[in-house]
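Shared between the two complexes below is chain A, which pairs with chain B and chain C, respectively.
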Partner chain A sequence: MADKYLIYVACGSAAASAALARRRLIDELDKRKIKAVVEVHRILELPGQVANRKPDVVVVTAGQAPAALPEDVLIVQGIPLMTGFGIDGLVDDMLKTLEERES
Partner chain B sequence: MQIIQTILDLGPTIMMPIVLFVMAILFGQKVGKSLRSALMVGVAFIGIFAVLNATLGTIGPAVQALADGLGIETLGTDIGWPVASAITWSFSWAGLIIPIGFVINWILLGLGWTKTFDADIWNYWHWTFTAAMTYIFTDILWLSLVLAIVVEVITLKLGDWTAPITQKYFGIPGTSLPHTETVNWAPFNMAIEKAILSKIPGLQKSKLDPESLRERIGFWGEPMMLGLYIGVLLGVFIWLVSDYSWQIILQLAVAIPALIFLEGRMIGILIDGLTPIVDGVRDVFSKSERFKGREILIGIDAGPIGLSNPASVVVGMIGIVVYLVLTLIIPGYKILPLADLAIVPIYYMFAAAASKGNLWKTFINGTLSSLLLLFVTTSFAEPLTEAAQFVEYGLPAGVLLISSLDVGAHLLPWMIVMPVVGIVIGNTSMIIIPVVIAVLWALAWVYSRDMPEKLAREMDEV
Partner chain C sequence: MEIYSAFSNTDREGLLRELSVTLENKGFVKDTYQASILQREKMHPTGLKVENLINIAIPHTDVEHVLKPTMVVIKHSSGSFKFFRMDDPQVQIPVEVVFLLVVKESDGYVNFLAALTNLFQDAEFIELLESQTPEAICRGLVDKLKQFDLTYQGELIG
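Our next item is the complex of A and B:
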């Protein structure tokens, strides 16, 4: 069993599209049998949430990530989670980077 | 046929899951996943109306008491976009808009009339809303669907047109924002920037940095917290001008955050349930060989883009006060902004794009839009209230009129529905204002047609 990752999906509203992005990410991770906790947070609250409990990855669905995030948190641009196209590549790249960081 | 009608008559909590299940299967999704998702949609519909029932009974009469105290005849309640969209989807034929919208988009792409493939299926509700408003006035289904299609086509064109600057300014390459209620303000925003704001020397340099201001807002700008301020402020007003005792302050301080926060959660559940349809539509599209090698823009939801854009968020916080003050001082606005105050930033997002994030210009430009937005909010209030009754959602006692800022942001549907309906039902007074606005709007679009490209080039040069 793979490691358990903590992933934050950061979105403007944490309502409609964030739910879609989260569901798509979970489905894609399930397919690869990767265990992860995926939480949605609003971009405005992200720095606070990250300081509170540091995730392995922050996926920003759209727009600008807040500048003040710790360097060891992987930031991923998550537009594919909004459009629905290219999610495979996004998740592959994300997992590869995470594995490289661990080794 | 009888059985189909019987099921449709059971209302959205039963009908929508069945319709969506069938649709997910047709789009090639697995049975188990489709069933689970369809059920979630039904659960979400129950949740949306339950939340409204639990909060509107407190909020609605209090708003009316404020109106009485201020000597305003009626003041309806802004129930928020989640409820407005749920009412819209509750029409028995509403589910038809998804396949129709998809097919129309497909045909337009095939003809090369648009570059946008709108993957944001949820927000097809803007077109469903267009149809629902037409239907309430006319009872003519084919006409309702035709107007929905007209709005779709124009919205896709608006998405194409604004794409150069939305991609660049919001940082969303490969996409467009065919999101009626926001992008339909772009012609006015772009024209005002081009004709006026860009020519005022003192406005061109803003020392305020939206990004650092946004960071400072933090959780104080969270929708639930916004609900608290609005609730307390409103409660104090009501306490001062009506028979209510001071407890109303505390009651509204919880009821309004509850409405905003819980409806947001319910929509999250609803969207989770819609995923198989959304992905089914995408799969059909991506398996097609037709559009290979062509430049296709993927249409996405503008909501989260606006709510994460620093300039829109910062100006939107001030906009909340603007919306409330305008409603109370200008006669004729009959809906008190409440639940949708949490998403005011998205009504400033195209003003932000037009000025590339200049806070002063965003504020001026977006505030000009708000004058019209509040007017449309009131204009749609009666048909929306009637629609709620039509789909047998019983409004709590003391609630006479409902609408939402987001409904009022549907400028394009309003400009098209009102004149057509006015002609069909023979009510000429409905026609004039929307037609005048529509002419101005079209002229604004023509006048500013070079703006998105030009703004994008300017951003490259910096």
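Our next item is the complex of A and C:
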């Protein structure tokens, strides 16, 4: 099956927090049998990456997403993926929004 | 991995400066580390409000400034540190426990960070965080995260 979504996870340094968020997000998507490519990027590099290949979702673990992102990219605040609290709600809401956008 | 504890009565910047100097002297980080971690904390703060838990912070910076990984667990000696929130960088919160993450290699470290944050749901560990010394927290980490072969090395500063 082809990957359903392209998701970028971004933090300040792409070293620790976004990488952890990526791993937990992949686990949750696997549990729900959702295929996705999940990539880690630095927040500063997001506008360039998004212009190059537009994702369905940007999950931000540090601060705010850059204002310059296209309106049809879903922006998700990813702190629950860091702390471990509220992950189910975050992933369910994200997938629900994506499905609504598709229909 | 060697881990350290610390008490400090300075502010956030003073703490990061003091830790940077000591870690550089001990050969954990390069001389570029201090400027980098201060800038990183300013641009992308790391204060975290964890549900039903005291506030924590996990300052860290780019791997290129690090020579050898370590972690330092710090509490304020007479109150709390003030960190800006990771998810709301305009808002400052009191932080009771700081985990300075000195990251050398991002892949392996994610395992560690995942295990550390999983402990936020462990009642025994939360008790340690809330009411015990940084040394006791470090000893708890050595015990609970056996797979990472942590060794407690004593107080770094304080």
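Note that in this section the second predicted complex is superposed on the first by the 100 of 103 C-alpha atoms of A that agree within 3 Å, B and C clash if a C-alpha of one lies under 4 Å from a C-alpha of the other, contacts with A are read in each partner's own complex, and residues count from 1 in each chain.
The rule is short, and it goes like this: a contact is a pair of C-beta atoms (placed from the backbone, for glycine too) under 8 Å apart; a residue touches a chain by one contact, two chains touch by 3 or more.
Bear in mind that the values here come from a model prediction, so they are computed numbers and not experimental data.
Peer 1: For the combined arrangement obtained by superposing on chain A, do chain B and chain C clash, or do they fit?
Peer 2: clash
Peer 1: Quick one: classify A:Ala68 as touching chain B (first), chain C (second), both or neither.
Peer 2: first
Peer 1: Quick check on the superposed pair: does A:Ala16 touch chain B, chain C, both, or neither? Answer first, second, both or neither.
Peer 2: It touches chain B and chain C both.
Peer 1: Mind working out whether A:Leu95 is in touch with chain B, chain C, both or neither, as first, second, both or neither?
Peer 2: A:Leu95 contacts neither chain B nor chain C.
Peer 1: Output check: A:Val38 vs chain B and chain C. Expected answer is one of first, second, both, neither. What do you get?
Peer 2: Neither partner.
Peer 1: Classify the contacts of A:Leu29 with the two partner chains as first (chain B alone), second (chain C alone), both, or neither.
Peer 2: Neither: A:Leu29 stays clear of chain B and chain C.
Peer 1: Using the superposition described at the top, determine whether chain B or chain C touches more residues of chain A.
Peer 2: The partner with more contacted residues on chain A is B.
Peer 1: Pick one for A:Gly84: touches chain B only (first), chain C only (second), both, or neither.
Peer 2: It touches chain B and chain C both.
Peer 1: Quick one: is A:Pro47 in contact with chain B, with chain C, with both, or with neither? Answer first, second, both or neither.
Peer 2: first
Peer 1: So, A:Val59: does it touch chain B (first), chain C (second), both, or neither?
Peer 2: A:Val59 contacts neither chain B nor chain C.
Peer 1: For the superposed three-chain arrangement, which chain B stretch in 185-193, 203-211 or 419-427 runs into chain C?
Peer 2: 185-193
Peer 1: Show which residues of chain A both chain B and chain C reach, each in its own complex.
Peer 2: Touching chain B in the first complex and chain C in the second, residues 11-17, 19-20, 23-24, 43, 61-64, 79, 82-85 of chain A appear in both lists.
Peer 1: Enumerate the contact residues on chain A facing chain B in the complex.
Peer 2: 10-20, 22-24, 27, 40, 42-45, 47-48, 61-64, 66-68, 79, 82-85
Peer 1: What does chain A use to touch chain C in their complex?
Peer 2: It comes out as residues 11-17, 19-20, 23-24, 43, 61-64, 77, 79, 82-86.
Peer 1: If we count contacts the way the header does, which residues on chain C are in touch with chain A in the complex?
Peer 2: Going through chain C, the ones touching chain A are 40, 43-46, 48, 50-52, 58, 60-63, 86-89, 101, 103, 106-107, 109-110, 113-114, 117-118, 120-121.
Peer 1: Residue numbers of chain B touching chain A in their complex, please.
Peer 2: Spelled out, the residues of chain B in touch with chain A are 82, 119-120, 122, 170-175, 211, 214-215, 217-219, 221-223, 264-265, 267-269, 271-272, 274-275, 278-279, 282, 286, 298, 300-301, 303-310, 313, 343.
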